[in-house]
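Scrolling down, you'll hit the structures one after another.
After this come two complexes, each holding chain A, first together with chain B and then together with chain C.
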Partner chain A sequence: MSFRRVISQTHAVSYFQGVISRGRLGHAYVLYGPEGVGKALFARELTKALFCQTKGEASTSGGPPANDACDVCNPCRKVDSGMHPDLHWVAPLEGKRSIGIEQIKELEDRAYLKPLEANRRVFVLEDADKMTEEASNCLLKTLEEPPPGTLFLLTTTSTHSLRRTILSRCQMVRFQSLPTEVVRGLIDGGRPEGPSTADSAHPPEVRLRRMSGANLADLSLQLSCGSLGRATKLREERVTSHIDRFLEILYELKSVDSFSITQELMEWCPDTTGLEGRRSLLRTWLDLLLAYYRDMLLYKVRGGGPGLFYGGFVPSFETRTRDLSVDTLLQILEDIANATEGLYSNANLNLLLDNLFLRLASYGKLTGNRRRGFC
Partner chain B sequence: MTYTVFARKYRPQTFEEVVGQEATVTTLRNAIAQGRVAHAYLFAGPRGVGKTSIARILAKCLNCQQGTTDSPCDKCDSCRCISEGRDLDVIEIDGASNRGIDEVRTLRENIKYLPSRSRHKVYIIDEAHMLTKEAFNALLKTLEEPPPHVKFFFATTAPNKLPETILSRCQRFDFKNISLEDIVNRLQQITKKEGIKADEEALRAIARYARGGLRDSQSLLDQLWAFSEGTVTVADVQGLLGAVPEEGVSALVERFIQKDAPGALKIVNETLKEGKDWATFIDQTLWYLRDLLVVSTCGYDQGLLENPWREAQLLKTQSQALSQETLMAMIQTLTEVKRKARDDFQQKVFLEMAVVKLAMMDFRPLSEVLSRLEELEKRASAIGYLQSAAGNQETKGGNPKAIRMATEVTNSPSAGETPAREKIQYSLPKDIGGVWTQVLERLHREKPSTWSYLKEGRLRQDGEQELVLEFPNDKPFRKKYLETNDQERAVVEECLAGVLGWRPRLKFALYERAAPGEATPKDALVEKKVVGATPDKGLAEKAVDLFNGQIQK
Partner chain C sequence: MRFSCQRAVLAEGLQLLSHVTAGTTTKPILQAVKIEVSENKAVLEATDLEVGVRYLLEPVEVQEKGTVVLQEGRLAELLREWPEERVCMELKGTMCHISGRGGAFKMAGYDPKEFPTIPIGVEKGAIEIEAGELVEMIRKVAFACASERVRHTMTGVLFQVEAGTLRMVATDGRRLASIREKKGTSGRGPMEGIVPRKGIEQLARIAERQEGKIQLKLEETHLLAASDRATLCAQLIEGQYPNYKEAIPVNNDKRVEVDAEILAGAIRRAAILTTEERRLVRLGLRKGRISVEVETPEVGEAKVDIDANYEGENLEIGFNPDFLLDALRAIGKGTAHLEFKEATSSAAIKSGQDFIYVVMPIRLTEAS
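== the complex of A and B ==
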């Protein structure tokens, strides 16, 4: 069976199963939810459930539950291999960032033809928010009143990125971010990562500056916010091999020369990955930085407790946040957020980082001076 | 096999069924009744309010086989074909898909042929805003003077994208968003027909999330009904949208009011953990803050609120707890989060940052800030006066306490002759020198012998209720005289009490004179004023004489 492959989206699965069994399947759905939680996968499985030849018998013979695909019949395998003639998958063409009007016009032409093998045609628009203005307007009329037996599935990360005219014609199905344990299970194959013995051998002050395997795993899971795609990205070799040094820099931010930090970071994100790859790696580092200061903010405001990204480092936060007021921390976070924004607006990366780290260093110094001044 | 969604199933087929567009409907019906149907109409307005539906109804009115009427039969072949969008003479064009000049050229070629069976050939051009500039221009001549059998109906959500030349050739109808009540009523009709059980509160919630689009509300209802087992409840609606119960939002705002950042963070984290939709959550909070702003600006008026069913009392108290400036800053901060966040991680962190900020936010109204600023200005000038007038010697060593005292003193009303006794018991007027001058004047009149002892003295403030009477250090016997002589002392205190309105405790001290025998500037000032009392009077009398007038009080 195949809805089983869709993990932790019980709401969506049971919704569609209920709708199909009651014969109330609409003609247009928006599947929205965070990146990498299985929206596209779900669209495929739903198509299979609709096209599957055996679903009727299966439900009576006590096999797989009603309204699910068998995964073995002809249509199911055709969908799986992407060869089914009645499933149309629309995504940005290679080398393009958006779904153009030509693609939608082609889709419309096909929608008005009778299905070839199944009893309906399914159109999946992956990342529907990538439709150009022309494309989404072009879709409106067909989306509202398609020929009988047409099903549109639009996937997107947020309903806010779609036009209201599109949304108004669709029913919305929300996808949730995956629970941390599920992501962990998917990455590690369920293998638990206890703290290694080598870690506990270190004295506390060293341990607080090092990422143990378990800490790192936790951090990447927390930062992924329930998106499998992000979790894997954080576990790349290029990130994990530098994480200890990164933490060290965080500790010595005030004393280390800001320009050398930039240099070091840039070395971690080598030219060979291309500009896009470089940006994406830098984004990861800035995210780690943002998470760190966010933790300090939370610590300052409400003390330790669950929900911190760097849970293992709480003992060090007391001294680290002593010099920083909530306002300063907010300002720092804002600076990091702005720098992250700069990555996307084509800023010079070196200058961007220089600026950021100079600012960060100055906050530490300023508060230090102020303290001396008053005491 | 196929199931028709509510939005299509309940598309209005006659003018009677159209909801919330009374003005447009009345105008069009009158036009039909009087036989004045124009050849080009433009229907503009937001999504899901009935533009395309009205265009189709109008087409039916014109082409119904029962004759032109404002209530088409909806049974004849023409009517049914139009409803299904397959009539030969009512050509519905998707303006967004057929937007080029070539399509318009084809249209112009076909336009001259008479309708195949009906009286009119109707072109409904939907999504007209997507036609290209060339296409619009190619249409202009035809649109202005089409053959008598042709009608054009444009429908668009963005009339601002249509060129003026097109707009001026059409009769334009602007469609309104549909009111909450109208949506709820329509939903109730549908639930009755379909036999759906739904709480009224749930329908209200649906209507609110639809934001004025009837189709949005129908889609939502459809979806809820398709899934629900028994009754449709508010919880179902919120579950479907990932929305937080209204209590959750007001609780969060209450945390902001209490300046309880940890509590606010807790609410946000619990919300996100439950898998609620963060964007919806921010929207809900924004709408709530907006309602508070409305209440604090216009008072409580149900008609203006986004959610008229909120608890009135809570809204009123909360709107009083936050200044309008704070509310606006809060709305701005939250909006920025929505705009800036790129993915879930940023959403989470930015939202937390915003929550901490909001919980610390307390902006005073601008008028209040201004008045405080003015107050400060007054105090600053008072200090300046004290420093220059009260003598440089006294504060030369830097006596911050005296300055601080002086600033506090300014809280009292100006140095009037009779300060309000009940209100301010122990406050000194800022102008101590002035007080002393008055005292001396009084003594001069009442007991000149005491005055002569005091005329070179000066008054200084020490503590809240104590005044220090200082004498030149070269005349220590004067100090001694007053210290020992209780009677004289009582006279002075009486005099002071008369001027100040309360009886201060008096202490005595000496001050150093710059050069013995030579009056300090301050002494000179006092001397001059006191002595000047008489010459001044003389001056007035002289003036009276000179002008041959009289003094009027």
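== the complex of A and C ==
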């Protein structure tokens, strides 16, 4: 691995290679951008580039370019295994949702130690927005007067959930969504997947409700919005094994009862994965639901066209959206967004979902639709 | 890998290492202990990347060499509960088999290649010091370290080797403790470094278990220490230590000699009538005696007189009783030499030639 492993983030790579070669590396950076586009990977590669023993010895025979890691020297290997004594990595502990003050205090203690093997110490705060308020305040103190020879790298998906006082002490580096083709390439190892022939044998109605591997691949790619992390998550077995049923629910809304949807969803997200695992799985389903209503809104506003996640559902959108005004659809999107937020506010998950699906069902009723299912 | 040894031998080693392994971490291997068995010995190793310790297990019977990395907490717990005198460990694949009359256990190990390597082992240029004296020195200064993270250099203990003598200094900005090794070592040095609390504690544990001498070496970035069975590597704190020499008063002319235990007893009794908000005792120096006084509104008053060898002018000076007691506790049995100048300048408490404690007084007018 080296910077070459960091795909499609040429801006960040060239920016850091520039500041390193000019000897003007700052003391703190916020690496921000969508989830799963390589921010943490980049932080690791940057650390390696700084610690690497052979860096800068630009070789002409295909070796690493200047200011890049060689991947083979001892420091590089230690960073890769997370065992370099001068790299301190902070992320929410297993089963925890936030970075606590204890973790920051430990980081602070480490920040004042002399670097043991490298010439500086690197501190990575993965998902820095997950710091508790006390933790942020504590970190602030260190960021204000950073000990000499330290580099702080904070990764986050949303800069606005970080305290302004922290942001003002860091330089910002933006990470972009990966092009869909790149994500596909990374996931499938560059294997192009055409629509399967067996699938086209079915009439369109049936095809909609069933997800062939290729369709699912496309859907997951589109829904991932250029995030490798999300695309991978959407392809996990826990999601793929239920996706057909999920689409069926979306498609045959008439016959589905709001409470049974909750029940079914909860079964798909077993608590064997722990509360955090369950939340993260439910989040995926809510994202899929959100995307579905977003498509309906888009259809309502401008008719079909490109850019729809559920392109196959277009024939049904006509009747579906007849009873739903643009305002109602916007309200639905907000409800789903609220529910997603509720996932992380310690709400009772069953009640949260019941509430959401009852609300969705009520919109249908309000507009004179007497179906039992939602809308 | 296959070896057997006394349960107590292994348990003792794990006990020492249990303070090294990381508490909370995202890397579970830092909570593990590496057991490296070579032809005729077995070595335990643990690190949290800040402090690393190797410990030689002795005696062991080695049947087959090899290396295993196991979770420290579980292994230690298992050994505590182990009913038999001997324990036998054998690595089969990635599982470590622990067997005997206590049952048959298989513990999953980590890949030894993933275990971090840290520089351990003292080579040339070390100083030697009696383990007992080292423990004593640490006991007498380490309490004075700052526990708040205001100035990081002060959270550790300064180690300084000058003219072949080791000196340790600790301060939190309000009081300072300094101790010099009684007998100079061979003319090494100068070396200097600030050892963080965790490293100091671990060094004391190693020294407590050692009978002869301990070797110490201060490198640019870390402290190395070695006893017969254990070696330690502790990272140093970055930064410039405050100039402690300036803080030690040189012309305090009001000198009192008093029995440390008697004074400590008097201060402890008087301090009962202080409160958290008003933690203040007043020392009154008169010819031939010291009085320890406390006046806390709505709580009460105390006055304890004790005999002391004092010939100078009268003086009233206020202190936080905890800061005085810390110093007297460090001195233990024996005579404490108290040196004052005036009510607003720092006082020194000395014992012998080597221990100096400096404490700032509390202004009596402001406090009352």
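Methods note: the second predicted complex is superposed on the first by the 239 of 375 C-alpha atoms of A that agree within 3 Å, B and C clash if a C-alpha of one lies under 4 Å from a C-alpha of the other, contacts with A are read in each partner's own complex, and residues count from 1 in each chain.
The rule is simple: contacts are C-beta pairs under 8 Å (C-beta built on N, C-alpha and C of every residue); 3 or more make two chains touch, one makes a residue touch a chain.
Being a predicted model, the structure only gives us computed values, none of them experimental.
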item	value
Touching partner for A:R97 - first (chain B), second (chain C), both, neither	neither
Chain B versus chain C as contact partner of A:E108, first or second or both or neither	both
Contacts of A:S158 with chain B and chain C, given as first, second, both or neither	first
Per-residue touch tally on chain A - higher for chain B or for chain C	B
Touched partner set for A:S81, first chain B, second chain C, both or neither	second
Which of chain B and chain C A:R230 touches, first, second, both or neither	first
Touched partner set for A:G149, first chain B, second chain C, both or neither	both
Shared chain A contacts, counted only where both chain B and chain C touch the same residue	105, 108, 148-149
Chain A to chain B touching residues, read off their complex	11, 15, 18-19, 22-27, 34-35, 104-105, 108, 119, 134, 137-142, 144-145, 148-149, 157-160, 164-165, 167-172, 174, 176-177, 223-227, 230, 287, 290-291, 294, 297-298, 301-303, 307, 326-327, 330, 333-334, 337, 340-341, 344
Touching residues on chain A, where the partner in the complex is chain C	78, 81-83, 85, 89-91, 93-94, 102-103, 105-106, 108-110, 112-116, 147-149
Chain C residues within the chain A interface of the complex	24, 26-27, 29, 49-50, 114-116, 118-119, 149, 152-153, 155, 196, 220-222, 235-239
Complex contact set, residues of chain B against chain A	1-3, 5, 7-8, 46-48, 85, 94, 96-97, 99, 126-127, 129-130, 157, 213, 215-216, 219-220, 222-223, 225-227, 239-242, 261-262, 265-266, 269, 275, 277, 279, 338, 340, 342-350, 352-353, 356-357, 360
